Each structure stands twice: as structure tokens, then as C-alpha cells.
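All chains are identified by letter, namely A, B and C, in their written order; residue positions are counted from 1 within each chain.
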Amino acid sequence: MNQQQALHHRIDKALNNPQLRRNFRTAMDGIRERRADQFPDDSKLQALREQARAIRNNALGRQAELLERLEAKLISNGIQVHWAETPEQANALIHKILHTANAHSVVKGKSMVSEETELNDYLEERGIEVIESDLGEYILQMAKEPPSHIVAPAIHKNRFEVADLFREFHPDQPYTDDIDELTGTARRVLREKFANADAGISGVNFAVAETGTLCLVENEGNGRLSTTAPRIHIAITGIEKVVEKLADVPPLLDILTKSATGQPITTYFNMISRPRQPGEKDGPEQVHLVLLDNGRSRIRYDDELLDTLRCIRCGACMNHCPVYVHVGGHAYGTTYPGPIGVVLEPQRLGIDQVGSLTSACSLCGACGEVCPVKIPLPKLINRLRAEAVDAKREADSVPGQGSLRTPGEAMAWKVWSGIYGTPRLYRTFTWLATRLRRLAPSRLKPWTQYRSAPKPAAHSLAELARQEGFDHE
Amino acid sequence: MSEARENILRRLRRNKPSTMPSGSSPPPQEALSREQRIQKFTARQQAVHGEVHRVGEQQWINWLAVELPKRGLLRVLCGTGAIGRELQQAAIRGVSLSSYEQPVEQCKAELFASIDAAVTGVRCAIAETGSLVLWPDTDEPRLMSLVPPVHIALLPAAAIHQRFEEVIEKEGWAGGMPTNALLISGPSKTADIEQTLAYGIHGPKQLITLILE
Amino acid sequence: MSPPTTIYFFGTCLIDLIYPKAGLAGMQLIRNAGVRVIYPEKQSCCGQPAFNSGYRDEALRVARAQLACFPEDYPVIVPSGSCAGMIKHHWPELFAGQPDEQRAQAVARRTFELTEFLVDVLDLQLTDLGEPIQVAIHTSCSARREMQVADRIDSLIAHLSNVEVLEHAHKTECCGFGGTFAVKQAEVSGAMVEAKSNALHETGAQRVISQDCGCLMNIGGALEKQKRNLPTQHIAEFLLERTRAAKA
């Protein structure tokens, strides 16, 4: 199966799952409304977006310098810094840290980057127990499924599906499909893990170069527990997450939580700058940061595509995407779904692997409208479509450039441009189409599977214009 | 792997760095009075099931003496600083007070299973988001405001600022950050099941702020 | 901007071949308002279909051929949010670095979507001579987000005293046309147009009005296939019909 077929297969599966479609429709409608409620004043929203964009642009413009400063500051704070170019390197680094410290059990806070590297599988294959502590991620761990959304990973599941999972994996707990009770069950069963895990692994929302501070947002408390209770804390993040100074954090935090979940702020904002200091009674003795590249540095080579790296992983784009609401996150088949996935994944994994994702978009623009850091997502999607069929194949361009070009389609557009680009030919074509309209096909799969076929009119507008006496120059 | 580091930095340096203006200033906000800040903080907390009470500066012990037994919060954890010492002196009837004296490794079981509520101070608060700001330290460690099911925070009214950026600036955070700085804006919650809010998942189920005036 | 003496009308290829009456209605509305309307005969297409498929060279070839249609400094009026958006917002991108870049940018700068022109420049006054009717308005994504003219169609219809507007659920959500998207991702597009046509039908409106014939072809085609009696119509035709200013 080629990538287009695989994509269609996943999409079909999603479209034929009425429960999934209902779950996503309800969830997306709710999130959209909650976000809108946080931004009653449009001019304030636009000012905040512009501020956030400028902060992220500034950080990206000086990325190497800021990463070096971040590293220096973290090290002087007592936090160890590691660099990984690939998922394999990142996983190996983390494993080595755990192995050296004789750590056998890990409790994890939510980290999309760790999904990217498939860290859990890697560690489990090497005999390390990994427990996801974020409720949504824990649900998925039981279901053995990947996240379908970058902020609300189990958004595709309803409470009955969750109740069944708890019944299967925790038969000693009383069955319930009441959400409050399910939450209580999760608290009970995960408590012991926090208390006894050897290590905690987390992501990072913002890494502040000025003070060497790792910032995490969360509502549940599992992030704080994972990064405070065990004796080792390992944070993993992408190299684009660095920001210059502490003053950059409040506006980003503000627009992140409002865009992501429609909250003025999350329950906890956790700022970590050091391991446990002498005299302190809790906190990890060792804190590590793993900086992952995995294709991000190469994205910088292109001034236009560089905007991709501004992303603060809020999920607003997929929340508002009319394709995502119908098919959900798994249909994309990549770590990051939705519009940001369509833009990021072909650049990260190659157009030859996942470039057909760029067709899973009607260019409606809803994503670009809500992106808190003003990434021009539709423009970048269109740009990647051009890359996908560009025959030039320059060095250092998007991996897999040109790999979706087919002779058939290329010829079709050539012929089209020949006709439409030559007034005389175009006029002949339209004349023929109108005069031969009765021969127009009424079955034009795939169009006519859902709609009746359009028919050329009896006279073109050009003819009507002449008839009605309009000037033609 | 320093080779990875060199490769990554080299790739990042390939592009000419552009110096874009760092962050336009936000639209100016209307300044709130102290009373308005107290009310905004309270409203924000209450909107997410936080409990807030205004109590005379010297009255918080009395409040606890009444409320702790009333609510069945009989095993209370305090720190080793001024608040802890006052609580010890008060010796509230019916309440068994422990203080967080040992490293967590020595008292983990008790911390996780045998404490009903912890009482801490706070550094300050932020009205706009309804957030308590804590810099846990050797006296009041990090897990106090996280593990026990109830967290009671003592907040002097004068320490309620309007916005997060003000706190960072006025308190000079850029001069040096502590091991851990926290913004706590309500009891723990999740919406991971059907996007429906449920409280008390991993952090405290209840957050009670006593604003001291 | 005060009303010009003359405008160019860029009909769009879809209207030229499939919905010419919508284009004609637009031209008549403008002529009736006392503005001279030129329909350049060399026009064909803004190049968007190829542009959105990634075939930028082919798109450029076609877009370039349009430049000869607009020699004078007259505004260019386009009865489609999508095609107006292509010219106004994407021609600068498409022609970047090209020898005729300045010419293309000049045309882009003076391009208006039709309802934008009718409201902002002509300040069209309308007297509704029609029978009471309820309509639903579907604003195309390009009209809404690229050209930002959603409120123009709303305000034109609001002028019609016998027309009641019924809002449909998820009204800002895409109808699923997206040009070649409807073919390349037929199943998702089908799901989207099904949702949109259901929502429109559920309002109980007697007609669906839009600024964009692409959406109308998509939604109208779906409604027809579903055997629902809910006709669709371009805003220009609707306005002309309601004001019965058929003579031009």
C-alpha cells in the first residue's frame, strides 16, 4: 500500500466510525466555544498573537545562541544537558541515564516529543517499567493506542470506553462509568506509582535561556509529581522550545492555555531550575534535559518554512480544522495530527513518507486564523504541495521533494495551462463545452458519489456579456 | 554526545540570524485597586472550585482551630518555618500536627497516606489568573502543596499583584530562580474523559486560600 | 474610495462556463449603479486550480495571461471570494521575482470581491420588490478569512426588507469544496458537504445564497443528489432578482 492508499484507508475507517465522529464533533465544538470565551475582545487577541509571534520569532532568529546560553545556565544550575540528533540517540541517552542510576521504574508526564521518539516502547523493551501518569495518556496506555490529539490525547474515547478499560486493567476497582468516580479510581491506582517510581520523565513547554528554567503547564498534578517525587527527573524537548527571557513567558503562557483548552491558566505552572539543593527535603537529586533535533534544524534552512518552528503545541489548529473534526487524529497516521501535523510531518519525515497529508486539507484557513503564534499554516501547506511535485529536487530542500509528482497529473496541468493560458484556445474550449453540454458526463466519480454533476451552461459569460452590450476593452 | 551538539548547532547557524524586535508591548491594562485585586483573585479561584476566605491577619489560627476539626482534617502537615512554629504553639485541639522535618525518603509513606491537609505560606499571588505563587524552600518543601488531598495556603492581602509579568519584574526573578517556582491556580483537575471537568485527580482535591488582612 | 467611472469584470472560469448568469447579474448590478463595466474578452482563469495543486509554473502561465486584460488603472471586480483571494493575496506570491511582478501586484492591489465592491465603494441601495422569503447564507472560507467580506453579503441581504436570514449550525465551517480537494479527498469532502447540506436544510430556509459558485456547485450538487428541494443561488443573481432590476 502506498502512502496515499494508507491515508485513504485510515480516513475511511474513521469516517465509518459513527461513535468516533460523534466524540470528535462534541469535543471540538466544546473546545472551540471555550477558546472563544477567553477572547471576547478581538483587538486584544490580535495584539497578543502578534506579541507571541514576535517572541517566538526572536527566539528562532537566535536559536543557536539561546540554546548555548540555556545549556550554560542549566549546567551552572546543576541540571545536566544532553543533545540528540535522532530519536534513537534520545532514547539511548535516556536509557543510559536510567541504567546508570539503577532506575527500573519510570512515571511519565505528558510529552509529545517522547511519542515522537517512541520512548516508552524503547524503555519497556529494555526491562524498564513505564507508567503514563496523565489521565488521558494512561487511558491510551491501557488501550495500547497513540494520542489522537496533542493536548487531549484520549479525546476520541467516551466514558464507557474508558470504564471498560479500567474494568479490564483494574478489576479490583469497582466498575463505574461516572467521570468523577473514574477520576477517583485513576488517582488511587496511580498514587503508588508516583510514590515509588525511580525516575520521572516529562516534556517542557518553554525553556528559558536567561535563567536556565524549564517550564511546564498542567492541570492534573501528575507533571509536578513526576518531576518532584522520584529521585531522577529527565525532561525531553525539541530544540525549538527555547525562549530568551523570563519576561517572554507570561504572554506565551497566557495565549497557550487560552488557545489550547480555553482556560485563563492551567492549574499548575511549574518552573524548574535546579535539582534538590542542600537542606531541601524533596525534589529529584538529578535533573537532566535532553534536547532533540529530529529534523527541526533542517527546517530552518527555508525562510518561509521556518515559521513551522514557532509552534507552541497548543492544538488550536486541529480543534478548528473541518477535516480533523470528521476524521480525528489517528487518521493522519503521524505523531502530530491536524494542520500542524500536515505542515511538520512531511518536513520531519519526508514528503516521500507522508507528503500525501498535504491533500487532507481544503485550505479553508480556519487553522491560520486561530494559531496563537500566527503560523501561516494554509500558506505552508500550499508550499509543501508545490514541494511535493517540484521536479527540481535541490539539495537541502524538504526531504522527498518532488516525490509525489506523477507524469499523468503533470501532463494534465500542462495541457490545462496551455489551454487556459492561451485566450484563443480557451475561448474555443468554452465554446465547445457549451455547445456539447449535453454530452457532459453525469457520472464523474468521485465527485458524483456525493453530488450531482455540474453541466456547462448554454452560453458562456463572455457570450452573454457581448449579447448584453458590455464593452470588452 | 558532543558530536550531536556540534552538528545541531552547526545546522542552526547556517541561516543568517535575523534580529526581529523582541515582543511588542501588550496593550496597557487598567490598574486594579487592592480590593479589586482581592475580588478578582477570589472570583478566579472560585470559578475553578478553589475556596477562598478573608480572615484577619491574626485570626487564621482561630479559623483553622474551628475548620480543621469540623472538616475532619485531623492529621495536618506544616513546615519548619514561622507558620509551622505558630501552628505548633497553637496546639489545635483534635488535630495531630506533623512537621516536614525529614527528607521525603524518610517520611514518604506518611506523606502519601497519613496526611489530611498541609498548611503553607505563599510568596505572593496573581489576581488576573487567580494564582498563588510559591517558591518552596527548605522550610516548606515542594510536595507539601501537592501530595496531601487538601492544601491550605496563607496569603497576605498586600501580596496580591495584578499580573504575572509584574511579579516577575517587581520581584526581580531574572536575577535568579529558585529550585522550583510554582503558580497554583486551583485544585487539581482533568478534562481527559469526554472533555468533562473532574476535580482532584493527582494533586490536591481542595485548595483553600486564607487571605490575611 | 468613491465610485469609479469604469471597472473591469473578471468573471472567473467557473462562472464563465457553468454559472454565467451569476456573472451577468454582477455586471448588471454595477452597470445599473452608473458604472461602466468592461468584460475583457481575453480573460480565462486566475490560476488557482494549478496553484493549489502545487503546479506553480502552470498556474503562473495562466495567471500571467490575464495581465493583458487590465491595461488601465480600473478596479478589477471578481464575483468570487476564492478567485479574488487568489489574485489579491496569492498573485504577489506567485509572481515574486518575475519580470511582471510589479504589474501583477498592481492588479492585485485594485482587485475587489463583488460584494465588497457593492458595499464599500458603490454603497448599493436596494429596494426589495420580492415576496417574503427565508434564506440561509453560506460564506465561503476565502470570502470569510482571506477577503474578510463575510459581513458584506450579510449587510446586502439585510437591506432586503422581505428577506429573513436563518443561521445554520457550524456556519463558519468549510463546505468541503476546496477545489481539487473534493476530488483528491473525496470521502472527507463528501462528509463535509453532507454536514453542511444537512445544516442548511435543517434551517428550513427556501434558498441558500453565497458569494462563491464553487461552494454553490458543491452544496447545490449535494442537495440535488440528496433530492432535497433547496435551491442555491449566487448573491448577485439573488440581488438582481429581488430588486427586479433586470433591465440594464
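We take it that contacts are C-beta pairs under 8 Å (C-beta built on N, C-alpha and C of every residue); 3 or more make two chains touch, one makes a residue touch a chain.
Note that this is a predicted model, so its numbers are computed, not measured.
Engineer: How short can a path of touching chains from chain A to chain C be, counted in steps?
Structural biologist: The least step count works out to 1.
Engineer: Of the chains shown, whose Cα mean is nearest the mean of all protein Cα atoms?
Structural biologist: Looking at where each chain's C-alpha mean falls, the closest to the middle is A.
Engineer: For chain A and chain B, what's the span in angstrom between their mean Cα positions?
Structural biologist: From the centre of chain A to the centre of chain B is 30 Å.
Engineer: Round to the nearest whole Å and give the separation of the Cα centres of chain B and chain C.
Structural biologist: 54
Engineer: Which residues of chain C are in contact with two or more other chains?
Structural biologist: Residues: none.
Engineer: Using the touch rule from the top of the page, what residues of chain B touch 2 or more other chains?
Structural biologist: As it turns out, chain B has no residue touching two or more other chains.
Engineer: For chain C, which residues are in contact with chain A within the complex?
Structural biologist: Per the stated touch rule, the residues are 9, 11, 13, 15-21, 23-24, 27-28, 31, 36-45, 49-59, 61-62, 64-65, 93, 141-142, 144-146, 172-174, 176-179, 181-195, 217-218, 220-222, 224-225, 248.
Engineer: Going by the contact rule set out above, which residues of chain A touch chain C in the complex?
Structural biologist: Going by the criterion above, the answer is residues 8, 11-12, 15, 322-323, 325-327, 359-366, 368-369, 379, 382, 385-390, 404, 409-410, 413-414, 416-417, 420-423, 426-427, 430, 433-434, 445-457, 459-466, 468, 470-473.
Engineer: Quick check: in the complex, which residue numbers of chain B touch chain A?
Structural biologist: 1-2, 4-5, 7-9, 11-15, 17-27, 44, 48, 100-104, 108-109, 112, 128-131, 137-138, 141-143, 146-147, 163-165, 168-169, 173-174, 176-196, 198-204
Engineer: Okay, in this complex, where on chain A does chain B touch?
Structural biologist: 23, 26-27, 30-31, 43-44, 47-48, 50-51, 54-55, 57-58, 61-65, 67-68, 82-85, 89, 93, 133-136, 139, 152-155, 157-159, 162, 179-180, 182-184, 186-187, 190-191, 194-195, 210-213, 219-222, 224-225, 228-229, 239, 244-251, 253-254, 261, 264-277, 279-283, 291, 293, 297-298, 300-301, 303, 306
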